[in-house]
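Structure first, then comments.
Chain nomenclature is as follows: A, B, C, D, E and F, assigned in order of appearance, with residue numbering initiated at 1 for each chain independently.
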Amino acid sequence: MSKVNPFTHLNARGEAHMVDIAEKATTKRVAIARGIVQASAKTVSAIFDNSLKKGDALAVARIAGIMGAKQTSSLIPLCHPIALTHVNIEITQMNDTEILIEANTQTTGKTGVEIEALSAVSISALTLYDMAKSMDKNMVIGSIMLIEKSGGKSGHYSRKP
Amino acid sequence: MSKVNPFTHLNARGEAHMVDIAEKATTKRVAIARGIVQASAKTVSAIFDNSLKKGDALAVARIAGIMGAKQTSSLIPLCHPIALTHVNIEITQMNDTEILIEANTQTTGKTGVEIEALSAVSISALTLYDMAKSMDKNMVIGSIMLIEKSGGKSGHYSRKP
Amino acid sequence: MSKVNPFTHLNARGEAHMVDIAEKATTKRVAIARGIVQASAKTVSAIFDNSLKKGDALAVARIAGIMGAKQTSSLIPLCHPIALTHVNIEITQMNDTEILIEANTQTTGKTGVEIEALSAVSISALTLYDMAKSMDKNMVIGSIMLIEKSGGKSGHYSRKP
Amino acid sequence: MSKVNPFTHLNARGEAHMVDIAEKATTKRVAIARGIVQASAKTVSAIFDNSLKKGDALAVARIAGIMGAKQTSSLIPLCHPIALTHVNIEITQMNDTEILIEANTQTTGKTGVEIEALSAVSISALTLYDMAKSMDKNMVIGSIMLIEKSGGKSGHYSRKP
Amino acid sequence: MSKVNPFTHLNARGEAHMVDIAEKATTKRVAIARGIVQASAKTVSAIFDNSLKKGDALAVARIAGIMGAKQTSSLIPLCHPIALTHVNIEITQMNDTEILIEANTQTTGKTGVEIEALSAVSISALTLYDMAKSMDKNMVIGSIMLIEKSGGKSGHYSRKP
Amino acid sequence: MSKVNPFTHLNARGEAHMVDIAEKATTKRVAIARGIVQASAKTVSAIFDNSLKKGDALAVARIAGIMGAKQTSSLIPLCHPIALTHVNIEITQMNDTEILIEANTQTTGKTGVEIEALSAVSISALTLYDMAKSMDKNMVIGSIMLIEKSGGKSGHYSRKP
């Protein structure tokens, strides 16, 4: 084995790997992310009036987002598995044609949970699309972004408005 | 059991359920979706130059999108399980600060694959975020939308420009 | 390899295997199962009044049951994977201390979906327990049984009252 | 974002969320749950004689229960992910027509493992049904309950006989 | 979108994609694979005498192989999801220090099941390692190969001795 | 319940169970495993030249191995769930007809990660097979073994050459 010695130049070749977090501190970490679903006024009304053919879109999307957050490390190849201690998804009507999704994820661990928060938002948004797609295929999911992050070496992050 | 009779008025109460597709035709169905990741010029360069610390973001994101498409019915609560016959993810640099992700999903089955295409795009985009987040937490994922859809009773759908 | 010939006496040794369904007919198959959750009157009220600390137990349990039905072949070792075409979960208050869960699962395939219906009921019931356990650890899940089954060689099954 | 302020009144609206356990103590936690499968005397004999067509039902059910315990947080929407340190499933013939399933789950973590124990019992029971259903569709799964629980703030719980 | 036109030259760039199988015939497809686990004579005896500390290694490995076969398309990135109609795992003692694992997988579908058979063998072998590793870390898993394959356009394949 | 007393003689009966690791120390644990894929010279060239029909086999196999390592406790029935802190897969051409796969897995936890390393190697190897199988069904996966292990009570393990 000694001649091949494949571990020496790993990163130098740009190959994917799950980075080492063993030495990072175990601290409380919080992330807040959000996204916006744009739809026709009629679709937004049907979502908030619970009159869609498939049923209560808000409840389903909220639960999908929470469950999706827990699947993050199975979905995102180089994401570390982490035991989330809290997940919340909030879905709010912003105006006639826009729905705001916000996710708050927390852990006590060695790495941040921003991907978990962004995944929660994305899967909630995809679920809203799935629930309403028979009446509106033109919906657009956008503005998915990290809003705030705390805990860990890199310190507090807050998106500038 | 006869007095409770819970199945009669199901949809009338707005409760979530996986709709019946048994009578839908088994035909070839195609969906194309896309999304855009906005990042700093430096981050976009690092992604396309394969100089990120975590490794080859484009390859990882493409594979994550394909694998994510296959997980769609586990992630989206009322989505029917479907055996995809083809998945392709394309990631292109649009300009200095924007990356285009397009997904093409296909099946021969009883229901469309637009959620599979949108999920593929979303998970590819989240993966790009994960790969590059140590250098750029301000990235925004947006413009996730269905571009085209064919097969099935509702006929051909093509997004108007 | 010829001397070992391991495939000849397989079932004779009583070893677990996923039985061959290749020759079974592809037909519409339906199963209905039910179960009962017993809890204190106070807990049952809190579930149906949506006043539990963890949130809307009925919506969460219904969605968990639907998603659980789709995971059946991952959970039950010798269960064949099947593409469900319809899943519905109904949760009804029977009386002060009992909650009825009924699941209806359907497919067009080569094997029945009774385990899918029973899994949906079980996972909905476990979810109700999880939602209410901080106020009532004495809840009992019981009477999980198949009520009706149609489609396939064995014909129609209907539980005798 | 400041006007919408969605995080303030979360629980007041009764929406599902994964509760915050960050401040709970990391201690050893144990849960014991049980359930009973009722079947015809002939079916119970076939299970314990290992003469079922699908193979060794007891071994399969025990393993399914252990693996199911590990999937609990994927199945139960608001259940926290937890690293189980021990799982055991015991299946015993109670009498001619009843089979007792007991599960013991343990962790060193921030939240209890009673749902893991109840899930283990439920999935073992569903597996017994699946193994024996070709000879007995009338089986009933019942009496799924928590027997004992230790560790954590709420102290020791022991079901009263 | 028209200027970017990313779908034209896909394969020319060597990027991973799940190939299109829509036009392939739906036929019965069978695959048989095998592998060998080498261990000390003492370990092989303990496995076949069921005297390992962790329990019945043969039953656990057989069930793990069957369940692993069903997870193949989740594990192997470009593998198409397929509904297996039959899986069997056979584990035989070849001699004092070698254990033979054979898997037989079948489907009625549009693509072969050789990866499913090879995955079943691999996961059974890894499970044997896990069951016996406290007494023998030197075990070697090898000779994992396809033995036979039938069904589909490429016709019958049989490994030459 | 007292008469049945099923928990007393558990291991004496040789039944499978997930052993108790609660009292084991939380320390840094590392495992290195490897395996070899044998293929025709033409196939090995196509893999390293990235000229396979399905795309970039090395990138796909590396990512599959990393993701597979994270799924270990879902695949191997009695394997404890563990939060990996680092995973790396290295794939090297040994000679004209042999490809070396090495995996390095790490955690800070209560049990070793050798099964995670062996699973990573196995799933990478299966992925190489899947990528190249249309040109070479005779590939053989072998020599899967633990090379080195550190951390935990049993101390340092290093395979003798």
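Everything below uses one rule, namely that contacts are C-beta pairs under 8 Å (C-beta built on N, C-alpha and C of every residue); 3 or more make two chains touch, one makes a residue touch a chain.
Since the model is a prediction, treat every value here as computed from it, not as a measurement.
**Q** Which neighbours does chain D have in common with chain F?
**A** Looking at chain F and chain D together, the chains touching each of them are A, E.
**Q** What is the minimum number of touch steps required to go from chain B to chain D?
**A** Minimal hop count between chain B and chain D: 2.
**Q** Is the contact between copies chain E and chain F built from the same residues on both sides or from different ones, judged by whether over half of the numbers are shared?
**A** Same, since most residue numbers here occur in both copies.
**Q** Identify the chain pair with more contacting C-beta pairs: B-E or A-B.
**A** Looking at contacts between chains, A-B has the larger number.
**Q** Which chain has its C-alpha centre farthest away from the C-alpha centre of chain E?
**A** Measuring from the centre of chain E, the most distant chain centre belongs to A.
**Q** Among all other chains, pick the one whose mean CA position is farthest from the mean CA position of chain D.
**A** When every chain centre is compared against chain D, the largest gap points to B.
**Q** Quick check: superposing chain A onto chain D on C-alpha atoms, how many degrees is the rotation, to the nearest 5?
**A** Fitting chain A to chain D on C-alpha atoms yields 120 degrees.
**Q** Let me have the rounded angstrom distance from the C-alpha centre of chain A over to the C-alpha centre of chain C, please.
**A** The computed centroid separation for chain A versus chain C comes out at 30 Å.
**Q** Multi-chain contacts only, two chains or more: what residues does chain A have there?
**A** 15-17, 19, 56, 59-60, 63-64, 67, 71, 74, 77-78, 83
**Q** If two chains touch, include that pair; go through all of them.
**A** By the stated definition, chains touch in these pairs: A-B, A-C, A-D, A-F, B-C, B-E, B-F, C-D, C-E, D-E, D-F, E-F.
**Q** Under the definition above, what is the set of chain C residues touching chain D in their complex?
**A** Counting only chain C, the residues touching chain D are 11, 14-17, 19, 35, 50-56, 59-60, 63-64, 67-68, 71, 74-79, 114-115, 118-119, 122-123, 125-127, 129-131, 133, 137-146, 149, 157, 159.
**Q** Residues of chain D touching chain F in their complex?
**A** Residue positions touching the partner: 28, 34, 59, 62-63, 66-67, 70-71, 83-90, 92, 94, 100, 102, 104, 106-108, 147.
**Q** Touching residues of chain C toward chain E in the complex: what are they?
**A** Touching chain E from chain C are residues 1, 4, 6-7, 10, 15-22, 73-74, 77-78, 80-83, 109-110.
**Q** For a test of understanding, state which residues of chain C touch chain A in their complex under the given definition.
**A** Where chain C meets chain A, its residues are 56, 59-60, 63-64, 67.
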